[in-house]
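Letters A, B, C and D name the chains as they come in the text, with residue numbers starting at 1 for each one.
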Amino acid sequence: MLESRATVGPYWEKPVPDDEHLAQQVEHGREQHLMLDARPPAELNQLTLATMRQTGPRFWIALAGLGAMTLAFLTAWAIQIFSGLGITGLNRSVMWGPYIANLIYFIGIGHAGTFISAALRLMRMDFRRPIARAAETITLFGLACAALFPIIHVGRIWKLFYMMPIPNQRELWPNFRSALFWDMMAITTYLIGSTLFMFVALIPDFAMARDHTTGWRRKVYGALSLGWRGTDGEWHRLEVVSNILSFVIIPVMFSVHTGVSWNLSMAIQPGWHSAIFGPFFVVGALYSGVAAVILVMIIVRKTMRYGYFMREEHFNAMGIFLLILTLSWIYFYFAEWITNWYGNLPLEKAIQAMLTGPLAPMFYLMLFCNIVVPLGTLWSRRVRTSLPAMFIIGILIQIGMYIERVLIVAGSLSRNELPFNWVNYTPHWPEVTVTLGTLAFLGLLYMVFTRFVPIIPVWEVYEGQAMQESRRVGRAVVSTRTEVH
Amino acid sequence: MAEERNNGHKWTMIVDLDKCTGCQACVVACHAENNVPISSEDEVIRGRANHWIRIERYWEGEYPNVKARFLPVFCQQCGNAPCEPVCPVYASYHSTEENVNIQVYNRCVGTRYCGNNCPYRTRLFNFWAPRFDEPLEQQLNPDVTVRSPGVMEKCTFCIQRIRRGREQANIEGRPLEDGEIVPACAQACPTDALIFGDKWNEHSRVAQMVPSERQFKLLENLGTEPAVYYLKGGETHVGE
Amino acid sequence: MADFLLLGLFDNVETTADVIDEVRALGVQDGQMTVMSNVPYPVKFFARKPVRLWFLPFVLGGAALGALVAFFLTYVTPHIYPIEVGGQGLRPVPPTAIIYFEMIALFSMLGAFASFLLQNRFPILTRRMYDERITDGYIGLEVRAPLTVAEQVVGVFETHHARVIKREDAAAFKPQGIRHLLFWGAVGTGGLVALLIPLLLSYDIVQIPWINKMDDTVVVGAQEGPRLAAPAESVPVQGPVFIAGEPATAPLPATEVSLQRGQALYGTNCAMCHGLQGDKVGAEVGKYFPEIPQSLAARAATLSDQDLFRVIRLGKNRMPGLAENLNPGETWDIVNYVRSLGE
Amino acid sequence: MIHFTRREFLKVSAAGTATAILAGCAQETERWVALEPYVRAPEEQLAGVPNWYASTCRMCPAGCGIIVRVMNGRAVKIEGNPEHPINRGKLCARGQSGLQLLYNPDRVTGAVRQEERGSRKFEPLAWNEAINTLYEKLDAAGDAVALWAGSTTSGHLYDLFARYAGAVGASAPLRHDLTSALNGVGTLTAANDALFGRSALPSYALAQADVIFSFGADFLGAWLSATGFGVEFGQFRSQPFGKRGLLVQFEPKMSITGAKADRWVPVQPGAEALVAAALLRIIADEGFGGPARAELAATLAGDVDLDAAAVTCDLALADLVALARAFAEAECPVAIPGGALAGASNGVAAVTAVQALNALAGAAGGAGGLGFMPAVPATLVAPPASSYADAQALIARMNAGEIKLLLVHGANPVYDLPPGSGIADALAKVGTIISFNPLVDETSALADYILPDRTYLEGWGYEVVQPGFQGLPVINSQQPVVGPFYDVRPTGDVLLTAARGIPAAAPALPWTDEVAFIKEQITALPKGASGGDDDEVRWARFLQHGGWWPEAAPESAAPELTAQGPVAAAPAAFEGDEGQYPYYLHLYPSVLLGDGRGASLPWLQGAPDPLTTVAWQTWVEINPATAQALGVDHGDMVHVESPHGAVEAPVYVFPAIRPDTVAIPLGQGHSDLGRYARERGSHALHLVGVTLDDAGANLAWSSVRVKITRLDKKQALARLESTIDPGEDIHVPF
């Protein structure tokens, strides 16, 4: 019969070894690893909830700034609806411009969230625990903002319900053969799935918030927690449903960005019609998405003082992940480029010539942001664990990936089969306003969200902390993870 | 998909590049017949000139052995139209009766996907509300709707004339005659460079002209099966 | 005998497991105990039997429903309104596969989630035994026991230094019953109603009046003025209707088709005064006008075709002209028909 | 329901079985002036059912027959009249656009008086007052009245004006505008007179030709009768037995005719006469085309430096010889002179030299492409075109104060003449100016009164067509297809009413209204193709079919050469020193805007120019090599200066123009003419002086040199074509 090593007392009261050397190692482990740095949940609950309620002047200034930009975006949109898409820079050849690039981009930055959460969950990676919710939230709002763009993009927004899978009075249904319809289906599925996945994981945290707040918040959290008590049955089902959702949502995630890429690659437009677009876009989306998650982690950690939860180890892990994605992205971009280059088809050559010709500044900026900087720096642990460095890298990757999307959408379209109809695209103010405004809107949603919803999945942290402990092996102290399943 | 014969008509246009002088008669005729609005100077500069039929001019060679080649391009009414399946709302579809591409304006939501997917770039988007300075609107053809902003439009082979002609023949209980239905462009063309008819009617002019050795289809390699056939321009050399 | 609900909070898993063992020894069934925690401790920590899970049928059922929806979208809807696009055929396979994938994924996720809610009987709408300190990391043990046993259980709790011990009459906690089902029923109904809203739009039952630019497009209606017809002197391409000196001919032979058309046109334009057979029978208007001849055929026999044509177009005495309603071709059809009446 | 298609209508009506009936009632034939209220619809005015009217296009002087589709009292489409011998059912862009003249937003809506000349402040005038004013002014002016008509002024109006002028002793109406100058009407007439003794416009049967040598004539674009020539060209290119015809175009800047040519020869401006003479010389020397042709060529060919001729057109002499051979040995060769050739300082000589080539065809007993229309067997003749010298004479009289009243109809002399003519100053010395033009153009802006005529779709008229096709003399009918859109009166009626009070003129103009006059003229014609024994029937048929023409072409002999001796081959002289002004200026009428009267119509403004694909603008065409030397590219503004004036316009780098030549299209640069034309582009006629050609009668509008200075401005060209250079890899997809 094995003896339980647990001592009497809560799991966060771990015994300190008598040996000074070992005690130092334990202390070091606590500093390094969140999972070993167990603290009383009561304290952490308060830490989580307290930052949610604090709204300093800087918060309000940021909120007002983002709100103003959002307002500008809504105004530009309204003007666009009433005066027609003529105010944009689109033309008879480039009929899709930044709006579609934005769709791809926003889906992209929302892409990594659920992936990090779901895939790492299935793989039992502990470093996901404090950052899963922040990542999922990016997914949720990234998708929501992305879903705006087909709406902003269309010419007759007031007839958009024709695209829903419902009949009209002539029993006419939408066309399931259209890539836009697949895309809509995929985004809907992903949005619903992500929401469910996120909500399921939120229930215990809502219960926690319910138990430690008063007044209207308590009522709201009470309703949202659906009467969660944390019984063993509830926990068991939650684990299972989370695993099922994780399992289903990963292929859906792949299908979403593949679907988006198919919007382009189903067209026989040179520069678009490429079988590699599916995986290429998925990797690109993960790339920009992971960078976005890192950005959000930095911002959340800084502004909400969650230094306890988000530690160097997390940035390090994400940095390594980002480096892998950098390499993957380079691989795909190169594969795409060399295929076009080697094929030597006139139009694809013309597109490449345009990228290295008139659009060269943008093209090389993209390469700098997406290849040079990440590849040149991320191999260093010091860079990976430095918040300012990671912030800059994250921003650069966002810029680079955005440029890449615009070049693919608007750049390719400006070259087509009949050279008589080549028209270059120049953005006009509505596209710029709407794009920046939507970014602000995403930030606004995120800011407001973090004030109402625990952005750290505390129960997952507790779970990890409860299941891990330091163990002496020989002369070293190592952490031990309890596999409970 | 090979061309499958059904009970409808296969409306076909033949463009004889040897005869097209680029004179723009078809362009203006189309504007008049189909209520196509005029794009202003600024819109043209921004690359939004809208003509359902446009005459592309390609230069060949250098001075003094330079040649200008005219290529009238309008909706090719493809048999395997790339623009059709991409429309999520069936605003662009294939008529099995007339075998042309139909654009349903009041179904169109303006995703412009069809415009991207048209290799001929013959689909136009209504970026603005069409404007007709009063009283120019008096001229509008009542058989053709003026498109609202936000919808795609394109050459219809003057479907209103096709329908009128077919109904007329129906009423009179007789088969359609070749040449009875002519779109505005072909009707105006001074040199007879545009010839229109039903390819499935063996006696029609187009059916007899399609097998010409000068015949080719625009961007034939894309497999769009256009219903527009071009006849290559020739050249007579001095001394022949 | 009234049951009591007891709740004790303990510091850690070991203690709780000990308590459960001891409570079980008191004769309390496993099913009468519930462990509550802020961390998902596996039930085996407490030597308890795992709960029965019902996910598989829901996930599979969801997948089947998704497949059904996909089947409807990809196979049935093209059948309802067949539209050919791009020479792809009505039901191409590759797009079908995509729709199947997405729909199966969506509905299986929805099924899993629904199963999760239903198994947990969420939302809990009745009061439950609970203590807020559970989310602070303490493990709660709820025990349902009759009064006598309850006393002993409390004893066990005290022995193991339970932080909190709550004791209440079980009657104060009403069973959940089917309340959550009713709740989800209401939510589902509301959702369905919300989903029907787009149908109101797509079926044109509700038309949003404030923006529909198709209504604002430039249009010149047939009835709008100024309708400036050419002066009568202008001669249209189809030829003048009246030219003095032009040899008179009836342009339409009295063919079967012409007579049929003439009959229909006569029925619309003439019969209310002259009767269907020209005999004033059933002429609801004509009966007030004695000057209308009893036999139109006989009267017409006295007139030339051209005179008949003129009378129909221009009217005569109190008979109105029908030039506005009939074009010359139609007028000739009526002339032919009137001629045929006498035969 | 019986609705024939239009085609069917024509067939049926031609067969004499139309829906025409005898109506013995006299009241039906009276002129019906009042609008018919709609409760009593005119025949065929059914909602949704189109009605077709045949009439005549007056967007240019070619005189194509049109049929107008009218729905609910609105003209919605103009199409070619399939029966008409000129255009044979086809219609050019300008013809299609006539509807926008009818419904032009800037039309003068009624009679107006201008407060002060050029103020453009108009106050409405009641028509009786307006007619009274006209009467008073006419009465006061007596024979000091001048009438300035344009090439599209209806024939009946010209005839009425001429009768009035004759009656009061005034000089005959002047019929001159930029179109006639650009078409080279005077030059062609003079050359034909010199060669064949026929003072008329030539007609060319291109359909039967197998070789066409066109010297500067853009007969497919904007020259004389482009639609008619277009139809003929279509037939020329699809002759039986696989014969395709050979078209060689000699011109310094490629026109659309040049674009369709099998061989485009960039001949130096002004050297066309030399080339034509050289061709004759070669034919004569080499004996090409048989003895008859060679002999005749020998009599016509002067002493020509063949090498110099070859150099002027950038050809090797062998090529020139090959061309001469192809021409001489063709069964039916045609040579067409026109365009800038006719505006050169040696215009008549050059046109004569080219026209002389046509004489060869006849010499071999071939059909010959050149012909002259047989006269209409009646009193109706085409009104003579006045030369620029006539216009100058009138301007001189104006300057001398001899003109008290100037009536302007269908012409816009302020725009149509180069500023050097002094027209603007001369107008200031005229007592009263009355314009009858439907839009406020540059001349109307200087008028005291505008009594707008009806547009051609609302009014009556006839026109003797020149030049004709298929050997058929044609008199076009013009009838209202819709009621007048505004309160505007036909100038004919206005003139007849006013003249009634003038004792000298009243007997000469006895008609109650213009329709009576037209009808009288038309019913005097013999029976034509549409038949009709009776006057009324003939009149109706005239209107129904869109005109009068004989059933078959009358017999006409090939034109006989009356000229003797060799043709002159002297090169043209150019104003401006070659060192100071290094480039020849090649002006040409825009295919779409014509001489500028199309500029008020948005369809024409918005349609791209065929070769440059530029819309809405004026541009300067420069050879790429020249552009490189000047350091300019597409859209760079340049200052083009001649000894007579200067204009600014953006550059279009045009590959098909001689490096020593720059070309500017005419048609834009209006200061008036409505919102679509105003302040748009520039008017290159300002570069032209007032030199006369070798006949001393016509304006040598193509005889200046210019210099070009780059300005530090850009003006994006409104091009339909891509502004992106596709590079070497991209090939034309056909």
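The working rule: a residue touches a chain if its C-beta (ideal position, glycine included) is under 8 Å from a C-beta of that chain, and two chains touch if they have at least 3 such contacts.
Being a predicted model, the structure only gives us computed values, none of them experimental.
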| item | value |
| --- | --- |
| Geometric centre: closest chain by C-alpha means | B |
| Contact-richer chain pair [A-C vs A-D] | A-C |
| Mean-CA-position distance for subunit C and subunit B (Å) | 38 |
| Distance from subunit D to subunit A - Cα centre to Cα centre, in angstrom | 69 |
| Subunit C and subunit D, separation of their C-alpha mean positions in angstrom | 63 |
| Subunit A: positions in contact with at least two other chains | 156, 162, 172, 175, 177, 417-418, 420-421, 423-424 |
| Residues of subunit C touching at least two other chains | 83, 85-86, 88, 213, 220, 222 |
| Residue list for subunit D, restricted to those that touch at least two other chains | 1-3, 48, 71-72, 74, 485, 721, 732-733 |
| Chain contact graph, described as a line, ring, star, complete graph or other shape | complete |
| Residues on subunit B engaged by subunit C in the complex (per definition of touch) | 1, 79-87, 90, 92-94, 96, 105-106, 129-132, 137-138, 140, 142, 145-150, 173, 225 |
| Subunit A-facing residues of subunit B, complex | 43, 46-50, 56-58, 71, 73, 82, 85-90, 107-113, 115-117, 119-121, 124-129, 148-152, 219, 222 |
| Sites on subunit D touched by subunit A in the complex | 721-724, 726-727, 729-733 |
| Residue ranges of subunit A touching subunit C (in the complex, touch as defined) | 4, 6, 8-12, 40-42, 45, 81-82, 156, 158, 161-162, 164-173, 175-177, 182, 185-186, 188-189, 192-193, 196, 200, 204, 207-208, 211-212, 223, 226-241, 244-245, 248-249, 251-252, 255, 259, 459, 462-463, 466, 484-485 |
| For the subunit C and subunit B complex, residues of the former touching the latter | 83-89, 213-214, 216-220, 222, 257 |
